[in-house]
Amino acid sequence: MRRQLPILVVFISGIFMAIQYFVPSEPAEFVQEYAMDWVIVIGVFAMGLGLWSLTKVNWIKVQRQTPGWGYNLVTILGMVFMLVVGLIWDPGLGFFPGEKSQVSGTWFMNFFWYIYLPIQTVMFSLLAFYIASAAYRAFRARTILASILLVTAIVIMLRLIPLGAVSGINQWLANWILIVPNMAAKRAIWMGVGLGMVAMALKIVLGIERSYMGRD
Amino acid sequence: MSLVDFMWMSIGALLTLFTFSYLYKDNPFYKFAEHLVVGVSAGYFAVLLYYSSFMPKVIDTVFRPIEWKYFILAFKQIKPEYLLAALKGSQWWYLVPGILGVMMWTRFSRKLSWISRFSLAFYMGIGIGASIPLTLQNYVLKHLTSTIQPVNFTSLTGIWRLLIVILVFCTLVYFFFSREHKGAFGASAKVGIWVLMIAFGAGFGLTVMGRVALLAERVIFLRDYWVELKYFLYMLFKYGMLL
Amino acid sequence: MIWVIAFAQEESPLPPSQVKVKDTPNDNGHSLTITWKSSPDSAKILGYEILRSDSPDGEFKVVGQALATDTLYKDKGDKEKESPNYFPSHKNFYYKVRAKTDGLSSESEISLPAYAFQQWYHAGKTPVLVAVLIFSTLTLIFISKAKKGKELYVRPLAGIGAVDEAIGRATEMGRPILFILGLGTAADIATIAGFTILSRVAKRTAEYKTRIIVPCNDPIVMAVAQETVKAAYMDAGRPEAYEEKNIFFLTSMQFAYVAGVNGIMLRERTATNFYMGLFYAESLILAETGSIAGSIQISGTDQMSQLPFFVAATDYTLIGEELYAASAYLGREPLLLGALKAQDWAKGILLICLILGTIFTSLHLDFFANLFKFSLE
Amino acid sequence: MGFYEKLMSLDRRWVYLCVAIAVVLPFLLEEFGVPIFIPPYITPEVKSVYNFVEKLREDDVLFLAIDYDPMAKAELHPVARAVLKQCFKKNVKVIISALSQNGPGMAEQLISQTAKEYNKVDGVDYVYLGYKPFPALVIMGMSQNFKLFFPKDYYGTPLDSLPMMAKVRNIKDTKGVIDVAAGSVADMWINEGAGRYNYPLALAVTGVMAADYYPFLNSGQLFGLVSGMKGAAEYEYLMEKGGYMKKEEFDASRGMPIQMFAHIVVILFIIIGNVGYFMSRRKKS
């Protein structure tokens, strides 16, 4: 029962939502908006679980003083600090502070701008280095497939480098690659993915695939 | 730029360098930045979720419209009609997802954690069910109709369209699972995987530019900071001389 | 300036005729559609104004504008009673259409009344419904066939063959396995495909007594992953080996999450990394860090934009649809293989439609292509 | 390990170092007053946009659509500015609309700034219509009559009282449209605008979008296409050669050396790896 009933719930809510898509009337519209809110609200409450999990994993290491436990303490402190300033300290307007916490100059927003954002953008920009090292490491003409990958990548990259007459041919080739084989591959992948997704969804809704729902 | 802003910008610049240092190898500075950003971002996101979802979807729908005056009276004087008056503006049906949300917390207990499966079941069922028709529409039918185009042999456009149809055909053949890739079928599948590789090579080559631009942006950030820092040091030096 | 004067001297344009009103189809009942025959002077008019009233001799108010070439207008309002733009259902309205030139205008006759009502079926989505029905039927047929024990052939996939080897390698080295479910939520089907693969992988790690680490980007994904792994350990007959602390939440922000996962790869020195689910720009950062740490990496995603990086930087990649087929391959359960067969049939139908469609359309016979055209209006 | 094997397995930190140099070097050189400039290869699709404007005569009218918001400013602002400058210098009149929700303010800044540079007068040398919602409808409307959606211009002046608008009633009365766009507005110009009313149209779009619009170039629905920062750099170079712009005014072109160097580094390392691979294999056999 602890497994069958939830799977029945998936079946009923899944079929219901699939049918709802074809019904334009007002009650169906209400149900759709309401159901989407269910998803949002469940997600909000689940965040509590997430924060608890993050705290627990790090706290165990702090408690046992495993090597590098200081870093784990930094994680916990960072999280607690943001929660405290974001929910209690900064808004300073009691229980219903609205969007006041978005005001710049608060501790909350300063932490966002000067601690979170720099690290996040640097992580993103590391891609410039990684894209070069991945190209160096992976683009070896070992097989025909690898050679095709390598040659097209070079053709596309050469667009940016002026090489006189070669550029003219290269430009044409690059454009052709983008509008013919590239387009064809995208469409085929999307259609295949679409079928795969629906098949997976049907397997879940019909209860054929139930490995995700635990055991009794 | 005020001194406070300068201090915050210094922290940002320092953390930028800490994170870049990871390129050389893992080190304590990177470890610090990494652990800090995990904690700060988790807290940030939770606060964001609280204001953007919990407040409007739970507090504003269910609790805020309640007339607490009547609510208290209803219990003090034991008059149920006051309760109705108190709840009049409240969209109490939003309590249902709220309860499902609270049910997620049964996961804190090992014995009761199975109760949370109902919340998970609703969450997944709603999402999956809604995506079945949408996926067929937006992934399959849409791309099928945009591939079906009039072809001809008199213009380049017409020929390219025909070629696209052929290549889509071959690529889809590659994705067949229950047939051995042999003979003509195998040949089309082979063309299919070539097409895929061309597309992947193109995708890779196209992305380099955007990534390099991101890095350039970070360099500009550091350069701007350097200008500020020079100015700050200059001022410090000047006032130091005065003293 | 001459042009302006020339305009002012003109006579007022002839009005549009045959104004008809009917309920707008396929909607929630807060809209009417007005059609008319364009004014004989349509060449010189600027456009039309649509006027509405709730009684034929009441006051008509302008509710919208249309271009000179238009002959149809949808008068649409909100369903909320409080909204100033509220449009009631089941209430009769009368319409007039006014043709306008620069300063002058002329009005059509008043239309017959009509009221808006809601529909219970969206006719424009019929092709989608048919597709859903065909595909579901195919799936059910092949599953019931598989139930009867019909043997099904599946071609080998390189990425799948490598899974056992990769787990074995981790066991030999005595190092953990890392399983990343991507940035999706538990309602994204790519992530769910990730769960189904996780289930099969976890079952083998339980048998091999190898630790599996699953850092998550979404708390609900974490909850489902915990259920999945726990069940897999029970299936393998080793429930006591399951440790919840290995399946944990990091953070929901993309690159902060990546920073955290990088740290895990480098410090836990994971022997094998799986990336299965929805990935964005972080795919390459993860794959390169994994390669620095010397891990064997198996990836799978349906994101076209990230596949190039997985193909280049990881050892094996499940491309697009292969991600969804992987659980059937790993589990070898006949029912799931049956569903795979249904997928192939659907692809076959798709290919036939593609070829026929191209032939018909090239011969200027559009009826066939129109069969697949849905409308959301 | 032989030399060629070493080429195959260089420490990836050498790759990082080279990328870093490629990105930082142009900045450093600029700091020391030696900015680098490498003339780009000019693609025909950019050249044809330039030539189109170049062939316009004095008092001809061009329609410029600025359909992007500040998010895409870095990529698209340079083209919009270059086209405006070219027109103003040639005394070509321009009508400008801005159909992206967050774009009108930004567009206004660009226009008034550039107009000041060339002493151009609002209403006489150019007209800025501004923003109206529902771009597809507005595009169709403007193709029929500007006054339909814009009885007044952005500054509140009735179109009737603008001397420049006396001759032009709709887009068909202009010589053509150059649409600088990020997002689906570009499709609307192709289908609802040029497709229905049949006037020349060229696009300038972000680099990511460009691949989707090349088919329209091939089928002749567009007479030109400027794609992203790279296209803008080409346009600026053409402007410089044509005497419309000085090197100091370059905008998009300044980022291009970084891109070129970085791309060269990536390609070089691919070549190094493959040379190592083939040579070491030859040695073995």
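Order of writing sets the chain letters: A, B, C and D. Residues in each chain are counted from 1.
By definition in this document, a contact is a pair of C-beta atoms (placed from the backbone, for glycine too) under 8 Å apart; a residue touches a chain by one contact, two chains touch by 3 or more.
Every value quoted in this text rests on a predicted model; they were computed, and no experiment measured them.
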Greatest centre-to-centre gap (Cα means) from chain B is with chain D
With contacts defined as at the top, give the pair, A-B or A-C, that has more of them.
A-B
For chain A versus chain B, what separation do you get between their C-alpha means, in angstrom?
4
Would you kindly tell me how far, in whole Å, the mean C-alpha position of chain C lies from that of chain A?
15
At what distance in angstrom does the C-alpha mean of chain D lie from that of chain C?
32
In chain B, what residues contact two or more other chains?
19, 22-23, 31, 33-35, 37-42, 44-45, 104, 107, 117, 120, 123-124, 126-128, 131-133, 135-136, 140, 144, 147, 160, 168, 172, 175, 196-197, 199-204, 206-209, 212, 215
Among the residues of chain D, which ones contact at least 2 other chains?
12, 16, 19, 23, 211, 215, 218, 230, 259, 262-263, 266
Can you list every residue of chain C that touches 2 or more other chains, as numbers and ranges?
125, 128-129, 132, 135, 185, 187, 189, 192, 220, 223-224, 227, 249-253, 256, 259, 267, 304, 307, 309, 311-312, 319-321, 325, 340, 343, 347, 350
Using the touch definition up top, name the residues of chain C that touch chain B in the complex.
125, 127-129, 131-132, 135, 152-155, 185-189, 192, 220, 223-224, 226-227, 249-253, 256-257, 259-260, 262-263, 266-267, 304-305, 307-309, 311-312, 319-322, 325, 340-341, 343-344, 347, 350-351, 353-355, 357-358, 361-362, 364, 369, 372-374
Chain B residues touching chain C - in the complex, by the definition given at the top:
19, 22, 26, 31, 33-35, 37-42, 44-45, 104, 107, 116-117, 120, 123-124, 126-128, 131-133, 135-137, 140-141, 144-145, 147-152, 162, 165, 168-169, 172-173, 175-181, 196-197, 199-204, 207
Interface with chain B, chain A side, in the complex: residues 2-3, 5-7, 9-18, 20-22, 32, 34-52, 54, 68, 71-72, 74-83, 86-87, 96-99, 101, 108, 110-129, 131, 135, 144-145, 148-157, 160, 176-195, 197-198, 201-202, 204-205, 212-214, 216
Mind listing the chain A positions that touch chain C in their complex?
18, 21-26, 29, 39, 42-43, 46-51, 53-54, 56-57, 60, 68, 116, 119-121, 123-124, 126-127, 130-131, 133-135, 137-139, 149, 186, 189-193, 195-204, 206, 208-209, 211-215
In the complex, chain D touches chain B at residues 13, 16, 19, 23-24, 27, 31, 207-208, 211, 215, 218-219, 228-230, 255, 258-259, 262-263, 266
